[in-house]
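Right after this note come the structures.
Shared between the two complexes below is chain A, which has chain B as its partner in the first and chain C in the second.
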Partner chain A sequence: MQALPAFRYFAPTSVDEALGLLAELGGEAMPAAGGTDLVPSMRQGLFAPKSVISLQAVDALRRIGWDDGAGLEIGALATLREVAADAEVRRRFPFVARAAHAVGSPQLREMGTVGGNLCLDTRCTFYNQSQGWRDTRGACVKTGGEFCKASPNGRARKCFAVFSADLATALVAADARVTLRSARGTRTLALAEFYTGDGAKPNARAPDELVTGVSIPARMQDVFGTYLKYRVRQSIDYPIAGVALTLRADAARRVGDEVRLVVGGVTSRPLVVGAVAELLRGRSLDDALIEQAAALARKAATPLANTAGDRAHRREMVHEMTRRALREALNHAQ
Partner chain B sequence: MGGPADYAVIGKRTTRTDAVAKVTGEARYATDVYLPKMLWARVLRSPHAHARIVSIDTAKARRLPGVKAVLTAQDVPDARYGALVLDMGIFARDKVRYIGEAVAAVAAQDEETAAAAVKLIEVEYDPLPAVFDPLQAMQPGAPVLHENLKGYTTLFERTARAMSGNVNYQADIARGDVAAGFAESDHVFEDTYTVQKQHPSYMEPNSTVADVDADGRLVLYNTTQRPHINQAIVSALLGIPISRIRVVPCHVGGGFGGKNRTLTEPAAAALALKTRRPVRLTFSHEEEFTSATTRHAALIRLRTGVKRDGTLVASEISLYYDCGAYAPTPNAVWLGAISSTGPYRIPHVRVEAFSVYTNKMMGGAFRGYGVPQSNFARESQMDRIARELGIDPIELRLKNCIGAGERLHTGQRLHSARVRETLLRAREMVGWQGAQLGPNRALGVACGMFACGGFATSAIVRMNMDGTATVATGAMDMGQGLRTVMGQIAAETLGLEAADVTVVIGDTDLTPFDVGIFGDRGTHTAGQAVKLAAEDAREQLLASASVALGVAPGELLLGGKRVFARGAPERGLRYSDLLGGGQYKRGGPVIGKASINLTEEPFDPVLVRGAASKMFSTHTFATHIAEVEVDRATGAVKVLKVTAVHDCGTVINPDGLKGQIIGGLTSGLGYALYEDVVIESGQVMNPSFLECRPPAALDVPPVEFDTVEEFDSRGPFGAKGVGNVSVINVAPAVANAVEHAVGARVTSLPITPDKIVRALRAAEG
Partner chain C sequence: MHSEPQVGGALARADAVAKRLVRLEVNGAGYELAIEPRRSLLEVLRADLGLTGTKEVCLLGACGACTVLVAGRPVLACLTLAVACEGKPIVTIEGVADGHALHPLQRAFVEKGAVQCGFCTPGMILAGKALLDRNPHPTAAEAAEAISGNLCRCTGYAQIVEAIVSAPSLAADTPGQPLPGTLDSGPYLMPELGE
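Take a look at the complex of A and B:
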């Protein structure tokens, strides 16, 4: 860790004020919510924004609320602790509360926000290091170089840094939509579409945009959901594999159209494994089907040696967590 | 010999002397020291694992506004320091030998300027072939790290003779006739174990603020376990007399052996002398993981011969400790060798122990000091022997465990050794009915031995005019609570309450010499000096009272801060009367002192070649039983409970003991399951607490502990130590429990889930 580089600090108190600053400062500014991801990265010299726009005082973005029509709306500034503790979230989407609670430690959940979790930077052994450490190996794709240091032979021209946000993975499974605002206007898109799959530029936020909130459609409240996080320690650690599943099955355990399996912690995005949904749709859940589905998830999850943990084991854990998630769904349906 | 029940202070709960200061945040640590006009230092570090330094150009850095000094090896004396072999300078000279080695240092008006200046230093390197594995480093033709090794100063002549190539220390122990022993054996077991590098994970990084005082003396405010040794090392490195240096240690934010080092002091001192201003040098957390010291990674081979009934007959032991690029504590492998038989009676033993240079960050002292490595091997193999011979693992250990009065393979006689009782008590506490508890759940047992205490120390106990006492000891409190324990020892001896004793520690101007707190020396050795000094003060007090009261000293008793006649308590004087105005009439002030070295005679040269020290004062023992549950599918290990029974002699501070046992367990769990400083091509890949993964609060299971009553004749009130022995059994106990739970034997640490899954797959075929 090194000293924070110098920057201008802004603390707007309204969304419009924040958007005005972003429009004016553009690519030279970075918004900061809880700062739990941004500040350590700045101290490692990964970002050196000329301006930091703190959103801490933008109280309008803190709200968590349920509406029978609009569903669950969570402001970007709601903290992970607030989401994990919120009565509506716990009642209607317990797996979302669980995913929020799985992040870091109490201190990190107290500061970390939903918006920050959605915009979490991708991570890599060769990237999340000090300037001095990285200098010994030269720049990687994510730091402006030509090749990915984690790729076999170091010849890939793409960044494979890993997306590890627990809550975001669960929210993608919940078919959440994300709202982005800028001085130019407002857009909402499916959270799954927010992620690019490019480790170097993991999400679609434009420099002048602010993630203002996320919503889960009302129909999802009676869909079974779960989030399983596999890690070595009981706290702090990022997921070795995070698996989120939403699924609606009838009394005969037949899976309906509403089914999503999302894997975090192994690729550069919350990985929606479409093949699993296709396999399950219209079929009756049983052990054999679960095995097939888990094998498909494993096949889709292709980690590089770029985070802690043995590569083969990480894939195996995708398999195992998928299997466990589906068994939970099966038990729930019975 | 009194038991704990007879004591007023010893063995009783008491508030830590630093409790309030630490809870309120008032306690001053080295990084809290801000002096007027203080400069900030940063170190330029090698990006190469092994390279010749062709040139260093500091001109640009020196021209940067705000930079006050830039130093390289050319600006400091060509002097080296180390433990057995003096191999390391303040800065790399001619060559760099690991990624992270100090090449130059800058002092500037602020941290940012210092960091910017470091980047402006231009170094031209000529990379050399590097070697990262100790066994490869021992091969002929391997890259040699220290070409002039034979020319370095060594502290032991025998050590010097054994040094060659990349081997910087070698010890051999031979007792009995191993060939004959194997011939007599019914079974011979041969296993290889490997263990990783583990960082001590103290929260507070290494830090020194160096200042030059009004008299021109160098003053070092630092975080250390060994202020007096730091004083001597800085003196030797910078060529200034010891008396011109004062080390003022601050509260230590965890040491665990890792602060039994000299890392920031010399460079900070050199910069302060150069600039004549205070200079602060604090390691970043990354520097902690790349440029401080870790537990030595090691490879251990055991070949052990056993009778059908489980009697150990012979053992051949090879220890290869990966020392890294310099050898600040090569003798870790010596401690490993002493404990490599486990606490067992083995008639025929041969040990060969090597400390080997590699192009990696240094191995150093860390809680357990060389023993967690060898004990993991010994206790893992003991379980294998038990399983293959169909003997209960506790019975096998009971059958072979050593007792007081017996001699170790080193020839040292054990003063006290109740390992047997620790096994019995632990077995009783867990209600042992065998290791298996249920599907995927089991117990694992391990016991161990640690050479405890010894070496030079001293203490002064002054009686104050108000009847209280002030203890001065050079031994450091590194957070383990030594200050409180020293106060209890003096209080008990002088008939005071613990709160009546002020303890001054560490400051080299105010305290007498101590060699440093390591190897369970604190309570046992420094405490014995405090006790003897307090007894000296008591004798003086009694002599003074004898004159005042007209009663023979032998007829006087102490209590309630009074001296009084036996059988006539009304005939007495308060300490304050004796020591206040009175003391000037009846002789001088009361000052007790003691100067001791609890180290015993040298090891028998017939048995031992290359001993790194004289014999230790005594030995501590413990048994740990871990209860684990293993998830077969993920390989995740959940440690449900740990039971620990220690033979640590008399318990002086029960809360301190509990803290040491839980702390040791935590370190041991990290070693067993999580922590690993991963080095690839010489570079530390995970230089952070996030990625190196010491256990966090949720990972530490409930602990049940007890002690077996024991009085060690060499320690104060019979006390031994517990800091090191509390670590050494955890990894093998967990490994053994994992095998009993799921049938997977993992022979390399840490026992990560992927290794368990792989072992299970292999077992399933």
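Take a look at the complex of A and C:
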């Protein structure tokens, strides 16, 4: 059996204890929640942290709760199964429950957490491979080399690995905010701003910070939302493409200010397609408008040949899923 | 010169991280083990405890063959650190039957022909048991969903779903009785070859 690289193991039981360890160990340590992303990557030699800080005993971060003022608050340690099964989530944000349920498999949802999903590493066919496979090709940008192996001429100096977290994509559409804590203090930022767009360093978490939770504003509870996922099989797989939509339309099907289309699984971040929101805002939703919006989403989604499904097919599916998501919204408004 | 590291072996790298004393409860029995933090529950079950019923396949969380129950939840032993299981009861395939008396779900697998090559079976049984423990009378759709993280390359999914759905009816009759086909009785033994 391919053994994991050696590491020191810490299992704090409180947030403060965890933050103290992160401050002390900094960049040499990695926090681990469910381990479903970290452990396979460690097995493939993609990460070899000197220390692993297991968060499984930090029970204070497990809570999911609704507050009329603060909205829906989800602790980072809540599992994906718990989010998918939670009565408040299902009642107020069914598309968030659906996105949580779309992740991986029952076992992976049982282990995997919200915090882990938000911090999911980006993926690429040239990166998520065994050490031996990668050694034959040399390092890529994400593993410390100079060039991206997936770029058309192999000369790009940027990493284009793909962000594939279903739940995070839906949460960006829900205008969620993420809370990060460290021994230095607490900061809260729009989840959309948490992502850098750089495949090599996909999110803004500092080495001593911990994602402690995510919240959806209360005003979003009566906004229509949906999440569609396309993948090779109906289980286990990461998305070939995912589309999340939130939209509020009046009885005359006129789209209000609250409209967001987010594409996952094709670029290095949950891609907020601003052009679609701009097009739809103030207009009356009909088939012709939906077709225009879907074409804009397709135009914005620019994958490289770095995951399952070829580039043209992935863009075609972004087009189709955007069309379907908007038709759902239209049916909902009628 | 360093010796090559050997997982769980007597030779340890000079910079190897100290082992920790961990108490695990597996199938109702307590074990005290000195293990390195990097060792997965799968390695410890198979190599240290000799419980080889839990199968090793992909080691990446993509097949379900190593599914076990930890604190009643179906998890992947290949992605679980053994040190993180302290104080949580673990159930493997070896702990599902009651002695020689098969669990109703195991009996259902036998009766419905849900075992072909058998390699995915331990993971399928544990995934199915996790469902039945939470939902004693699942529908076929719920059973299919419960095993959607477990690959069967013989592709006998229909019989496996059938077995999970039919297990509750078997639970109703005489629990704890030895079954035909267990080592205690003989219907499944090969008959003597005649002249």
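The definition used in the following text is that the second predicted complex is superposed on the first by the 333 of 334 C-alpha atoms of A that agree within 3 Å, B and C clash if a C-alpha of one lies under 4 Å from a C-alpha of the other, contacts with A are read in each partner's own complex, and residues count from 1 in each chain.
Going forward, a contact is a pair of C-beta atoms (placed from the backbone, for glycine too) under 8 Å apart; a residue touches a chain by one contact, two chains touch by 3 or more.
None of the values given here were measured: they were computed from a predicted structure.
Novice: Of the partners chain B and chain C, which touch A:Thr186 in the superposed model: first, second, both, neither?
Specialist: neither
Novice: Just chain B (first), just chain C (second), both, or neither: which does A:Glu320 touch?
Specialist: After superposing on A, A:Glu320 lies in contact with chain B but is clear of chain C.
Novice: Considering only touches as defined above, state whether A:Asp310 meets chain B (first), chain C (second), both or neither.
Specialist: Only chain B; A:Asp310 stays clear of chain C.
Novice: A:Asn331 in the overlay: touching chain B, chain C, both, or neither? Say first, second, both or neither.
Specialist: So A:Asn331 meets neither chain B nor chain C here.
Novice: In the superposed arrangement, does A:Ser14 touch chain B (first), chain C (second), both or neither?
Specialist: neither
Novice: Is A:Thr36 in contact with chain B, with chain C, with both, or with neither (first, second, both, neither)?
Specialist: second
Novice: Could you say whether A:Gln234 touches chain B, chain C, both of them, or neither, answering first, second, both or neither?
Specialist: It touches chain B and chain C both.
Novice: Both chain B and chain C touch chain A; at which residues?
Specialist: 1-3, 6, 105, 234-236
Novice: Please output the residues of chain C touching chain A within their complex, sorted ascending.
Specialist: Residue list for chain C touching chain A: 5, 7, 13, 15-17, 20, 36-40, 42-43, 56, 59-62, 64, 67, 73-76, 78-81, 83-84, 127, 130, 145-146, 148-151.
Novice: In the complex, go through chain B and note every residue touching chain A.
Specialist: These residues of chain B touch chain A: 45, 47, 99, 111-112, 115, 284-286, 290, 633-636, 673-674, 683, 685-687, 690-691, 693, 695-699, 752-754, 757.
Novice: For a test of understanding, state which residues of chain A touch chain B in their complex under the given definition.
Specialist: 1-3, 6, 105, 125, 129-130, 132-133, 135-137, 230, 232-237, 308-310, 312-313, 316-317, 320, 323
Novice: Going by the contact rule set out above, which residues of chain A touch chain C in the complex?
Specialist: Spelled out, the residues of chain A in touch with chain C are 1-9, 11, 34-36, 39-40, 43-44, 52, 54, 56, 104-108, 110-111, 234-236.
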